[in-house]
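Below you'll find the structures, each written out as C-alpha cells.
The following pair of complexes shares a single chain, subunit A, combined with subunit B in the former and subunit C in the latter.
Coming up: the complex of A and B.
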C-alpha cells in the first residue's frame, strides 16, 4: 500500500511538471532498439549438431530510452528463456528487465542510479561492459557519481552489486580520478603536447565461510596510468596491482598478489601509422565470487594483445587473454603508397603488417605457508621474475595489401601465419601447437552505383588438428551480391577437406539474404554454421555451430 | 529545462532513498520510463515526426582529450556520423569507400564526417595509427565503453546517421554494402536543397 502511494505521488508530481512545462516537453525524446535472433535446429550427427527437442529457439531484447536534456531514464527487456544453444551453454537463460537506470548529466556532475556500464582507465581493475551478441553483461547495479569540478578533471565513484547472467551478486565499490593537464593548461596543447594521468581504486567484499582457509573478505586493487603525446607520437601506460585474493578455480587458492602492466606507443602521420604494445599480467583474475569460472563475475578486463581477425579461417584460432599469466607484445604498421603514384595507382595502395607474440610467465613454485591465521593453510603459490618468459602461447604474423584499380575493381590480398597453443588456450591437454598458414583473396566488382559482387577465397594449410572438427587443411569461398542499400544475398562454403577422418570432411555451407530498410534489417539464412565470427551483409557477430534455418530482425527507433 | 529535470531527478532520488526503495527500483524506473514516453506522445501531436537531437555523452579524441557529443559542429551544414571498429571489416570498407570521394563531397556540400570507434581498450590505441596510415580525414572519436553507441540505440555496426543543420537526426541506416555511400550524399544534397526540412 505504501509503495503504491509513493508511486502515485511520483506520477502526479512528474506528470504535473511535464504538462505544466511545455518547454520541458519540447526536449523530451523517446528512442530505443530491438533485436530478435531465432533459429530452427535440424539435428545432424555427422557434423555434431545434437537433437534439440524444442526445435525453435530465440534470443530477444528491446531497449527503451527516455532523454530530456541532461535527464535520462531507460530500461531493457530481455527474453532469453528459451535461448539459442550457445547461450544455453553459458547458462544465459532467463527473462525480465535486468537493465534499468535513471541519470542526470550536468556540466559539473553526473549521477546514475540503477544499472550502468563504466570502466576505469583500460579496465585493468574495473570494467562493466555488455556485448549482447556474446551474452556478456556484467553491468553494475547501484549508484555512479561523476564530478567534473574543473576543466580536465573527472572523478568517478561507483558502488553496488554486479550482474551475473540474470542475478545480482557481490559487492564492489571504487573510485577513479582522471587529470588531463593539456586540457587544464592551454599552453601545453598549443605546443602539441598532451599529458594526462589517472588513478583508480576498487575493492570487493565477500564473506569468508571457508573451514580451512583464512580468506580476505575485502580485496582491494589499484591502478595508475599515464598518457603522453607529442605531435604525432603517443605513449600510454597503465599499471595495476591486486592484493591477495585466493580463487577456487582460477588460481588454486594462492595468496600471491596480482599485477598487470600495459604499455602502448604509437606514431601516426599521413600515410603511415606505427603501433607497438606490450603486456604482462600475473594472477590478475578479478571476480566478485571466489568460485567463479569462465566469463562469470568478472570485475576487470585484461585486453588481448593480438589482432582480431575478420576473415573466417584465421578467426578460427583466436587468442584468449590469460589473466593468470602472460607476457607479450604486438606491433603493427599501416602504410599507404601514395595516390596517383606509379606504384600506388590512382587510389593508392594500402599495406598493413602485424605481428604479435605471447608467452606464459615463468613460475618458480613456493611451498611454505604464508597465511598466519587459522590452520596455516595457503601459500603464495609461486614467484615470478618480471621478465621471466614461459611457454609460447600464441604467435601471429599477418600482412594485408589492398588496392582499388578503378571504379569497378578492388582487390585485397592477405597472408596469415598463426601458432596456437591449444593446450593452454582451449585446455586441450597435451595436444600439440597448431601451426597454420592462410592465404586470402578478396575481390570486389562494383558493377554500377547500386550493384556489387564480392568474392572471397581463403585457404588454410596446417599439419595439426584442433579437436576432431578442425583438422589440417581448410578451404573457404564466399560470394556476396548486393543491391545497395537494401538487398544482400550471400552464399558461402567452408570445407575441412584435409580432415584426417574422412567422414568429417564437412561442407559448412550457408545461404543467406538480408533486406535493409533504414534502421531495420531482416536476415534469413539456411545452412551449417561452424563456430566463429560470421559477416553477412556488412555486419559481423559471433555464431555457434549448428544446422538449420535462422531469422534475425534488428531495428532501432 | 535543466532546472526542471533536476527537480524531477532529485525528487525521484530522494523518494527512493527516503523510503528505502532500492528493492523496487526496477518497477519504479519502468513505470517512469513508460509514463514519460506516454506523456511525451500525448503532448506532441507530431511525435512520430519529431527529430531526435544528439544525446550528451563524453567521448575521447585520438589524443586523449574529452569531447562531448553535443560539441559536434559543422557551421549549420549537414553532418554524417559513422559508427565503426577496427575489427569490423564492412566498417573499414565503408570508411575507405567514402575516403575516395570525401574531397568531392566536401567541395560540393561542405558535409563533415564524424567517425566513432567503438573499439575497446584492446584495440582503441590502434585507431590513430590505423586511420592516419590509411590517410583518412574524418573527425575521429573513441567510444571505448560504447556509451554513445547505446545512447544512439545502435545494435550492430556499421551504422550511419545523417544530421541536418540543427544537428537533428534526419536519416539513419544500418550495415554497409558497396555503393551505399551514394545514398548518404543524396540525403545530404536534399538537406541542402531544402534547408527547412
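Coming up: the complex of A and C.
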C-alpha cells in the first residue's frame, strides 16, 4: 500500500514537472544571427594592395540569444583567427566566445552578469558598445544592476573589466541615476513638457608601477545632464569632469583634469526641422590602461559634431572626434517646400542645409612645461580658457535638395564643401589642410513596384593631396539595379583622375550583387578598395587598400 | 528594494575611491648624505662583459639546492664574468616554523624579489634568468638549461662599464655608481642597484637530505635604487652618469657579507646590458 502511495506521489510529481517544463518550453524563445565576410585578395602594387600569402581571409561571428519571460542568456562566437586585413591591421585577431551573459529583468530591477553594453547619458564618461565594421568592442565583463524603484527613476550600477580585442583588461565601476520628472508628474507631460536630470560616476583602477612618477591608481570621472522639452523644442546638455589621469601615449603624461560639455537643441514642426549642437572637450581621453593607444581600452565616448556623409567622395574625409581637445558646433535645417505648390511640385521638395566647424582648443603651457622647452610630461600640462579657440580642424558646408517628380523619377542634388586638417585627424604630419568641393547627383527611376534603377554621379575638386593615395580631383559613378525584394546589382567606379602622379590615377571599380532569401542575404563582389579611413560616430580606423573578390552572408533567425 | 539599496551602496563605495595626486608628481630622487667621490678613470680596454644569473629559489624547495650547485659550478668556470643572485620568492619561500626536521622560520622574501617574480611571471622553482636575455623566445628557464644558454651567448665587446664606490658613513652606507658607455646605446636604459648577502646559515629542504644549517649565498636583500631601476640619460659613446644612494643597513644583515650589484638594462626588454659587483665593505 505504502509503495502504491509512493508511486502515485512520484507520478503526480513527474506530471507536475512535465506540465511546468511544457509551460517553460512554451515561453522559450531562441534567436540569433550569423555573419560571414570573406575576401580573396589579389595583390596590386599600383594601388598599394599587398600580397596576402594565405590569399583568403574572413571574419565570422554568430550570436545566439535565449529568452524566457524575464530571463535571458546569450553568447557570441567570433572567428577572427585569419581576419580581413583591415582587422589584422588593428590586431583584432583571435577566436572564441568573448561575449556571454545571463540576465533577469523584473518590473523593479534588472540584473546582468557576464558581458554587457551600457551607456551613461551621452557616454561622456562611460559607454561600452560594439561596432563590427570598426572592429570596435569594449564590452564590460562583470555585473550590471538596474533598479527602477519609482516611476521615472532608473539607477544603474556596473562593476567589471573591459574587453580589449580578445582579452579582458582594467577594472571599472560606476553608477548612473536618471530622473524623469515628466514621467513622475503627469501634469508636466499633459502640458507637453519633458524634464529630466541625470548624473553618473565612474572610476577605474590601475596599479602604479611607474618608477618615475606618482600616478593615480584610482581615477574617477563624473557627469551631470539635463533634458528639457516643450512641445516641438528640445534641449539636452551634459557636462563631464575627469580627475587627474596621466596617459603615456595620449596626453603626454599630464596631470591636468579633463572636462567635456555637449549641448544639443532641436526644434521640429511639420515641414521644418532645426538642429543645433555644440561640443567642447579638453583632455577627455579616458582609458582603462595608461599605455593604450588607437581605439583600445576606451571607456568613454565623445560624440562627433559633424555629418556622416553617405556619399562616397565626401565620405573620404570623415572627422575623427578629438577627445583631447576640440571645440565646435553643428547646425542643420531641414525644410520641405509644400506639396502641390508651384515650387514644391506635386510631392514637395526636401532641402537640407548643414554646417559644422571644429577647432582645437587654445592651450597655454604651464610654467614647468615652458621651462622644459615645451615638454609637458609630468606637469599640469596647460591651461585652456573655456572659449579659447585653437587651429581649425574641420569645416563642412553641405546642401542637399531632393525632389520626386512623379511616381517614376526622383532626383537628388548635393554640394559639399570640406576643410580637412589631415595633420591632426589622420596624422599626415606637416601636410596642408585639404579643401574640397563635391557636386552630387542622385537619380532614381522606379520602373514599377519591383524594379528600380538608380544612378549616382559625384565629382570632387581639390588642389591638395591627402596622404599618398588621394590627390586632387576624383570622379565617381554608380549604377544600381534592384528587383525588390530579392535581387540587387551594383556597378561603381571611383577614379582619382586628377592625381598629380599619373601612375596613381587608378580606377577603384567594384561590381556586386546581392540575393535575399527570407532572413538571409548573400552578397558577392569584386573590385578595388581605396586606402582610407572609416569613421562611425567619430570613432575611426584606417582601411588598407585591397583588391579581390568578396563574399558576405548575413542571416538571422 | 533593500537589495538594490545595498548594491548601490557597494557600488558607490567602490567608485568613491579617486586618487588626487599632489605635486611633486615625479618620484623624488634619493637624497645622498655623502659628497660624490672622484671615480678613477675607466680603463675601457680592461672592461669585460659580465652576466647576472638570477636564481629564483625558496628554502622549502627541494630541487633548489641542486640549482644552486649548478650555479656555483658555472661561477667556478666563468670566474668574474658571471655574477650570482638568489631571489627567494613564492610559496616555497614562505616561513614555516615547524615543518619536519627543521624550522623554516626565516623569511628571505623581499619586495624587490616579489616584484621581479611577478614581472617575469615566475611560477615554478628553481627557475633562472641570465641577464634577463631571451633564449628560444624564453626569458626564464629551468636549471638544466642555464649552462647551455650561457654558453650560447656570442661573446661581444662590452658596450658599457660600471664602477661602484661604497662609503660607510656612521649608521648608513653611501653607494655611488658610475655608468660609462663604450658604444652608443639608443635604447632607453635604467640602472638597478641591489644588495645581496652571503653566508647566511638557515635551514633548506633538499631532495636528498634536508639541511638545518645550510649556507645560503647571494641572497637578495633589498633594492637600493628605485624598485624598477632609475632612469639614465646617457646614450652616446663616452657619455657617463653618476647616481648616488644612501641607506641604513638592516641590523640583521652582516655588512662584511654583503655585496652591491649594479646593472644597467634596456627599459623595454629588461635585458641586462652590463653588471658589476662590489663588496659593501673593504
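Structural remarks
By our rule, the second predicted complex is superposed on the first by the 512 of 557 C-alpha atoms of A that agree within 3 Å, B and C clash if a C-alpha of one lies under 4 Å from a C-alpha of the other, contacts with A are read in each partner's own complex, and residues count from 1 in each chain.
As a convention for this text, a contact is a pair of C-beta atoms (placed from the backbone, for glycine too) under 8 Å apart; a residue touches a chain by one contact, two chains touch by 3 or more.
Note that the structure is predicted; figures quoted are calculated from it, not measured.
Contact with subunit B, but none with subunit C, is seen for A:33 once the two complexes are overlaid on the shared chain. Looking at the shared chain after the overlay, A:243 reaches subunit C, while subunit B stays out of its contact range.
With both structures placed on the common chain, the touch criterion links A:322 to neither subunit B nor subunit C. When the two complexes are overlaid on their common chain A, residue A:512 makes contact with neither subunit B nor subunit C. Of the two partner chains placed by the overlay, only subunit B lies in contact with A:68; subunit C stays clear of it. Once the two structures are overlaid, the count of subunit A residues touched is higher for B than for its counterpart among subunit B and subunit C.
In the superposition on chain A, contact of A:109 is made with subunit C only, not with subunit B.
By the touch criterion stated above, A:218 is placed in contact with subunit C alone, subunit B being left untouched. Put simply, subunit B touches subunit A in their complex at residues 1-2, 4-9, 11-13, 15-16, 19, 21, 24-33, 35-37, 39-41, 43-44, 50, 52-53, 55-56, 58, 63-66, 86-90, 93-94, 96, 100, 120-123, 125-126, 128-135, 144-147, 150-151, 153-159, 171-180, 182-183.
Contact residues on subunit A toward subunit C in their complex (touch as defined above): 108-109, 145, 147, 149, 155, 157-159, 173-175, 201-203, 205, 209-220, 243-244, 246, 255, 378-379. On subunit C, the positions that touch subunit A within their shared complex are 1, 3-4, 7-8, 11-12, 14-21, 24-27, 190, 226-231.
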